[in-house]
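The following pair of complexes shares a single chain, subunit A, combined with subunit B in the former and subunit C in the latter.
Let's turn to the complex of A and B:
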């Protein structure tokens, strides 16, 4: 069996595990409902893509890690618990291949849910807007779907990072209870903790104002938010904020690092190499 | 196999989506919009019609704003600057992205003898950035001086050499041209005091006319009223004892006072035409009853088409409203007084043309009811009158004005007519403390005038209480209650404040115009629907952090400044029912709503149509007036 085939076999297995799970589907529908529901609020409003991106930024930032945790935390943990991990190890599968397969499989489903949801939300929000009175000259004020599509791209990257972090939790914990506790802790840290830390550090002058962009980029949620603000919304604003809203480079490096480091830890934590 | 295909599909999708990162976002170069395709501000309809009639030219500004989807046009640079300066302008429109301005270079621009701006060639629009503007020259339009822009310095210099003024580059224009008076309570109160003082002085002067010495007594010194007028020397009084005096049209052509004994002195026309023609200044008609008026309200339809075509826009209106039958008709009769009159008419009551500073005081006017039956109570054309302490019933409009700038209509009652007060092409008027009942619209302003003051009126049981139009106007302290709609806001750049709007089907309806009105410190409670909005972006009804009173809110006023830290959206499905549907209050407290609201407040300019008050008041602005209005409505309901 080729190495690639082995990875695909694991992906296949993960996909079907998720797709057979009713809770997973229910959570997906929940995510879909919330996001599309929120976008429905801006239905009927003219000039919606910039506003829609603003609207969805915060909910997406919080809900994607939640969704990722729900979809991923049981993966390696569950295999271990049911003893399947020991079975898998009897095959000719390296832990890198195993982790890659699990990550791709789980993330694929996540991405389908996230992208479908955001896509539908974009379409819903653009519907029902009273078309401008044609008699009058109008302009777009920079409001194009490109803004929203960029937002979707960043959301996809953020999903991948969130998924890899959730997978680390799944691999590094030894019991279900531990996994849930660590997962919730991770969510709180991502959603609130890291930003709170930066705010505290700035307000106590430990970080000077010049480094806010760098330190803000350290949190994946803030890195995602920074990318959306700086690279999707900001170009569409007719009048730019006087300074950059975030450092895209810091954000990109941060997201890449979170992905790399967490995946590395996952690989190491999946099972000890020598046994 | 799903395991192979899905990741591949996702990668392809992501690559495609990533293409958006290289597609440029942002504005292409914008071009000026076609004239007539923009929402326009600046200049009254009166000025624009005068400009058209005299073939003058208006310098135009066209602006693309960052937070406003429609292109906004301005008549004159002055009006553009005034809007830039207006409180709350930037919150609603954002910043100008692109500004275009008229270019008078190479247009054969010149000034008429009166200093009016004309250009014989087409005046195009150019990017404002590089233009030069001639300010403080002799150039003007019927409303006042105008700055004249040129695409190049040479042309501007040439114009300035010929007609005076300074040449300034566009960037310095804002500092050079002094802005109009801003829309503050103090400014409007000062204007109101000014107008009231004028009216008081005018009334005091006019009422002196009733103290003239008696020279002729009808029936004793002269056989008839007409003979008495012939016999009486100017500046004296003709006394008319009780009785009925028949006439086929009486003309007062010298400065006399005709003094009756009250309603027992009756001047009766023959049912054709106008009963009393006043054609001299300083005439007094006092304590009389007048009837027997002809029944033709408007003679316009009797004229042939070519006659109407010859007439200018204003004369056309005069033909329609100023030439009908009336009990009294004033022509060039300035500083006259009509007081203590009782009038019954199937057409108009009093028509005044070119009779500035005349006074209608304590007149009881009964116009035959029904739109097609009676006509206007008072028609005021050209020149301001004071109409006060009078009672109007029936007919079309109680007071109809046409180009009667500065007219004061105060302390009157109007009922059972189409409109109470109807202002056309009339600016800087004061409509104060009038009581209106059972009309289609209590007080209606039309044709984009400027500087009108509508204050302290009480309109009830009408279809619309107050309908606003034009700019720089003040609608304040009115009580609008028990109407189908309290206020229709169709105005621009006007201050709507301290009104008590209660028990209407719809409190305020905001029309589709540019969101430039300041709506603050009104008490809007107990209406079936607090406010509705027409097409257009979100209107923010909060001025400098001060909103309106809409009733209790599910929010807090943490800093105790008298305003809730929660916005109110009278059109939102939940806020709309805060005060009439059980449970809406709890739903409104939900964190979801808070989330939605926080994002909705981020970018108002591009946001959905509707109204938001970002700082609703905790307590009513005028609690006594509100309580009294609601109490009187309740007692009426019990009585009926």
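Let's turn to the complex of A and C:
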């Protein structure tokens, strides 16, 4: 049995777990309904994809971590509660293999839900536009689907990071209540707390306003927002803003760091290395 | 703490040497040594809170000793199987699918239906794991423990809370597993069954194996008629202050 086969077995288990869970499906439908519903408001908007991206940015920023938590928090936590984690440990499965399989399996379903939803939202918003939205990118400025495709790419990266953080919560907590409390705390911290912290630091002159573009990249949510504003929307604007809202480099490093550090913590927290 | 591996059949598949482990206020092992042999059904006996589950977890490699040495088989693949006291399996899967997942984790994939046959669960193969009774869940857990043909199988109170008929069936399965040349170590409060079925009983008290022998010889040594009486004799001092016996849970 190769390592790859063991990881695939774990991935398959996670996929079927989610696909057979009615609550998971209902939450996915809820996410789909909210995002596609919001895109319906943009249907026919002269702002096109730029307008749609603006409209969906905040909901996606908040809902993706929520969706990730709903899909992921029971994974390792549930195995531990049932005693299956102890059983799995008696097989020739390393912590890294187990965590990799769980992360890939859960994130794959998340990505399908997020990207399908955003794809449908894009199609819905493009319907009935007058004058017709230009569907082919011919130049860097102006509204093009490229704006929205970039938004979807960043949303996918953000989904991966949110999933890895939710998995850390699942591995590092010891009870269901702990996991839920930590998950809510995580959502509030990522969606609001870190941004508020940066605003507080600026308002108290601990960091200067010129550095705010870098510091906003510290939170995964604001890093995602910064990448969308600077890399997806900004190139489509006819007039470039004089001040950058975020540092794309800092945002990219931040997301990479959040993913790497949270996954590392998950591997260590999954179970103590005793054998 | 060090770990050794049993390299050949002359060495015991499972052993503690001068092993110590404390868990909170409970001293589970105090420089204790024991060697367990293959083809043997060994029962671990002790009052609630004596640390039986923790000791089984130490044997299974789920915990590390504070000091001392634990010896386990060296064969590649799965060498020690473990079934927790109240096993559960992920919902949404059938019995066959659940075993299928675990067989995918080992080198030589066993046939889930064949494993179910060994424990008498053939008819439940297509049933969802959520639809199983407590006894059937334990049997599924034992079938899982046979995957990869591990030389050591550790079961934590596999009959607790089950009716006598199901408990008897589970002990039949355990004896069958041990007769295949495996070492089966089981914590249990079912002293009547241990008396007649186990090859060896280990009485754990205050971190020491205070009795370690064939159950029949334990009766002779303690001058008692039943293992229940022997248990009362050995643990009388510890339980004299107990006014209300606790539940089986929370053994950790």
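The rule is simple: the second predicted complex is superposed on the first by the 262 of 275 C-alpha atoms of A that agree within 3 Å, B and C clash if a C-alpha of one lies under 4 Å from a C-alpha of the other, contacts with A are read in each partner's own complex, and residues count from 1 in each chain.
Basically, a residue touches a chain if its C-beta (ideal position, glycine included) is under 8 Å from a C-beta of that chain, and two chains touch if they have at least 3 such contacts.
What you are looking at is a predicted structure, and each value in this text was computed from that prediction instead of being measured.
Kindly classify A:93 by the partners it touches after superposition: subunit B alone (first), subunit C alone (second), both, or neither?
Only subunit C; A:93 stays clear of subunit B.
Considering only the touch criterion stated at the top, classify A:236 as touching first (subunit B), second (subunit C), both, or neither.
Touch partner of A:236: subunit B, not subunit C.
Name the contact category of A:105: first (subunit B only), second (subunit C only), both, or neither.
Only subunit B; A:105 stays clear of subunit C.
With both complexes overlaid on chain A, does A:20 touch subunit B (first), subunit C (second), both or neither?
second
Under the stated touch criterion, which partner chain does A:54 make contact with: subunit B (first), subunit C (second), both, or neither?
First partner only, subunit B.
After superposition on the shared chain, which partner residues are touched by A:253: those of subunit B (first), subunit C (second), both, or neither?
Neither partner.
Look at A:9 in the shared chain and tell me whether it touches subunit B only, subunit C only, both, or neither; answer first, second, both or neither.
both
Please write out, lowest number first, the residues of subunit A touched by both subunit B and subunit C across the two complexes.
8-9, 12-13, 16
So in the complex, the part of subunit A that touches subunit C is made up of which residues?
1, 5-6, 8-9, 12-13, 16-17, 20-21, 78-79, 81-84, 86-93, 272, 274-275
If you look only at subunit B, which of its residues touch subunit A in the complex?
So the residues of subunit B in touch with subunit A come to 1-4, 6-7, 10, 13-14, 17-18, 20-21, 23-27, 30, 33-34, 37-39, 64-71, 94-95, 97, 535, 537, 595-596, 598-600, 602-603, 605-609.
Going by the contact rule set out above, which residues of subunit A touch subunit B in the complex?
Against subunit B, subunit A makes touches at 8-9, 11-13, 15-16, 38, 41-42, 44-48, 50-51, 54-55, 57-59, 104-105, 108, 111-112, 115, 130, 132-133, 135-144, 146-147, 149-150, 152-153, 156, 231-232, 235-239.
Spell out the residues on subunit C that touch subunit A in their complex, using ranges where they run on.
Against subunit A, the touching part of subunit C is residues 3, 57, 60-64, 77-78, 80-90, 92-93, 97, 101-102, 104-107, 109, 141, 144, 147-148, 150.
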